[in-house]
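Notes for the one structure printed next.
A, B and C are the chain letters, set down in written order, and residue numbers restart from 1 in every chain.
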Amino acid sequence: MQDAFRNKWPLLLLTGFILIALTSACGPASTCITAGGSTTVQPLAEKWAEEFKAKNPNVDVIVQGGGSSAGVKGVAQGIFDTGTASRELKSSETSQWPDLVTYHVALDAIAIVVHPSNTTANLSLKELRDIFATGSNATWTVLNREEGSGTRDNFEEKVMGDTEVSLNSEFLPAAGAIKQKVANTTNAISYISLGYADASVKALTIDGTTCTKDNCRNGSYPISRYLNFITKGEPGGLVKTFIDFCLSSEGQQLVEEEGYISVK
Amino acid sequence: MSRYFIDRASRYVVFIFGVIALLILAAIAIFILKDSLPAFREIGISDIIFGTKWYPSRGAFGILTMLAGSVLVTLLALLMAVPLALGCAIFLAEVAPPRIRRLTRPAVELLVGIPSVVYGLVGMIVLCPLIANLSGTGSGSSVLVAAIVLAIMILPTVTSISEDSMRAVPNQYREGALALGATHWQTIHHVILPAARNGIMASIVLGTGRAIGETMAVIMVIGNSPIFPTNIFAPARTLTGNIAVEIMSATGIHQSALFATGVVLFILIMLINSLALIAYRKKT
Amino acid sequence: MMKLPPKLTQRIAWVSIWATGIIAILTLVFIVGYTFIKGFPAINFEFLFTSPKGGVSGEGGIFSCIVATMWLIVITMAILIPLGIGAAIYLSEYAPDNRLTRLISYSLELLAGVPSIVFGLFGFAIFVLALHFNYSIVAGALTLVCLLLPFLIRTAEEAIRAVPQSQREAALALGTTKWQTTANVVLPAAIPGITTGIILCVGRAVAESACLYVTMGGSAAMPTSFLSGGRALAVHIFYLAMETTALDKALATGAILIALILIINLSTVWLSQRFYAKMQGIR
């Protein structure tokens, strides 16, 4: 008997594994909203999620990154309940998925940042464009965001115009990595969201205008954009409650606390 | 239930498991090929493989620069790792005192299993600033750092498999050579290494595969610039990095082009494996 | 070229072998040592048992990542083990020796060398998009199954084939059915090899990052079911390094992962010694 049992132990182990897996599948399904996309929106959305959870304990808001295009693609294909994007929908996207709805949930500026020791204080839009069109050389180490980043799309639209950014530059998949590299490289130049800019990097003035919340609100700083939630069709139920919460005065206060600009 | 019934049933169950496993493996090849077809058809095979510009938002999908990046980084990594690993394997198998051997052998095996991101992380924190200082320009993200990280990553793999194969050489060979008056090094050089050649080859091929397939560690230290690296201090991009960085946000033809990148990577690995096989057959 | 006297080459060779051995070992010691020394101060109770809080400074710990990793391993193994062993039994015991079987063996060999990001591509296309598991633990687990399946089948097959043919013949001669022989004679004898293979798979699953990065999403929230997204420990290191300034926490997570791998490795050694002792009749 004992011997027979011993021969079967791998089978028992297996059954155990499968049982564990099955029971975890049958666990209580709590309601959750998935939001994903822009890495710029991510820290803000995580804060919103935390506050929202405090008010609605049985709702989890799961926030993921991936880049703005991943957010748009994700919500259109049903991967996310709401996509997050740090740019407006492109015409190619609205024609491919006509039922996408955009909500402006915060305003943000894109700061042009260099190493704190850099003596450059101001660049004109044209100088900036030339630097990024030339790419890395002895004077500048140019850092770009990856293809699909909303920050990159905004930068290309508002600074580069029809000019292409030089491929002779580094492409990093996250704003945090950009900030780190700029803080550690004496001749680096790149662009990050105002919410990410802190004392470890130096923000340049563009055509003499400082990158501040006020200059962004009054429209004098040239590189600003809305941060958006994107839903497939008009949202209902929890998703709507969540977006309403983000747009409420309480939600907008969090926006200011995180270093972005409220839209209300 | 009779045991004959169980026997018959088990035959089918096991067969089904086998079929499922094979279907999964076939599905992988089919799906990746299928999803890459639109890119190959619309852009053209030669424009993808020999195109030198990758700028998806402006419709450029050439991956030659990344192909060059992958190959260059891997070759450089092998150049550093193979001599070190072989030396280390000879050291552990033939030279080191038993006490050191007992200590290092399990350590090397542990190192095989260390997550590659850890190697990437240490490379990013320690090597990038170092190389930036040395070269005096740029942020340190470069082919060189990536190659060093990969070399360190594959070092344990190549070492442990080569060591195993050297150890598998029968002791009579050693004794025979020594008895003929050969020095210890002559024995190793002319007897042990040729006898262990298959295993050593296999370890190098495995190391090459790991280096060329590594993704996250490379993204962290190479800068991901889709250009031909002009020197080893310049940034570059690998095929794997291209896929990982962009796949989540890619749609349409861009997504398909990333699958095409996957196909090229797959073929590259197959080529390396078959080349190794041919080289190996020729010599024996 | 002048031929050097053997004594001299011997000396040169010895110096270089010692040098390479020491350089290689020191490099590897440096990596592990650096990770532990720099990471260790950040490890404490709070780090282990709180979840990442997000944000640029990388506040919080790694609890949800530990949970996600455990779920991932359990689900992966629950699918991988029966499938892998079943297929290995079929290939070694039941499959006829024909061209198809040889083709299968060859493709297994080939697939074992395919980079994990290619499996990630596949998992992304099938599990995330086509089957609508979205970015989830189950999508990650299924991708891992695909990644590890060739390796496990090959290891298990080797272990089963290594069982002496005479044992099978003896069992069959006693009038047992094929399945009785397989289940009661062949498999028990092959278990040490199979177990080692399984544990190696666990180790690879713990260390894997690329294919999980593109299939599990990056949510650091506590997973609520296996359909929710999650962040495995190895992927968390990547996120910490790229998106936050908390490099000490990244190193700390690395140190914990290395410790985990060490435990997994030691258990393989322990298991194989135990089985070896058992086979030799030493208790």
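Keep in mind that, in the parts below, a residue touches a chain if its C-beta (ideal position, glycine included) is under 8 Å from a C-beta of that chain, and two chains touch if they have at least 3 such contacts.
Please read these numbers as outputs of a predicted model, since none were measured by experiment.
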| item | value |
| --- | --- |
| Most extensive contact between chains (C-beta pair count) | B-C |
| Chain whose average C-alpha position is farthest from subunit B's own | A |
| Rounded Å distance between subunit B and subunit C, as computed from the means of their C-alpha atoms | 16 |
| Between subunit A and subunit C, centroid-to-centroid distance (C-alpha), Å | 32 |
| Junction residues of subunit C, two or more chains touched | 82, 183, 241-242 |
| Interface hub residues of subunit A, defined as touching at least two other chains | 66, 172-173 |
| Residue numbers of subunit B (touch at least two other chains) | 219, 248 |
| Touching residues (chain side subunit B, partner subunit A) in the complex | 53-58, 128-129, 132, 137-141, 219, 223-227, 235, 237, 245-246, 248-252, 254 |
| Subunit B contact footprint on subunit C (complex, rising order) | 6-7, 9-10, 13-14, 16-21, 23-25, 27-28, 31-32, 34-35, 82-87, 89-91, 93-95, 104, 107-108, 110-111, 113-122, 124-126, 145-146, 149-150, 153, 176-180, 182-183, 203-204, 206-210, 213-214, 234-235, 237-238, 241-242, 247, 250-251, 254, 257-258, 261-262, 264-265, 269 |
| Residues of subunit B touching subunit C in the complex | 3-4, 6-7, 10-11, 13-18, 20-22, 24-25, 27-28, 31-32, 35, 83-88, 90-92, 95-96, 104, 106-111, 113-122, 124-126, 152, 155-156, 159, 182-186, 188-189, 206, 209, 212-216, 219-220, 240, 243-244, 247-248, 258-259, 262, 265-266, 269-270, 273 |
| Residue ranges of subunit A in contact with subunit C within the complex | 7, 10, 14, 17-18, 20-21, 24-25, 27, 29-30, 32, 34, 36, 39, 42-43, 46-47, 49-50, 60-66, 77-80, 172-177, 179-180, 196, 198, 200 |
| Of subunit A, residues touching subunit B in the complex | 66-70, 73, 96, 136, 138, 141, 143, 146-149, 153, 156, 164, 167-173, 181, 184-185, 187-188 |
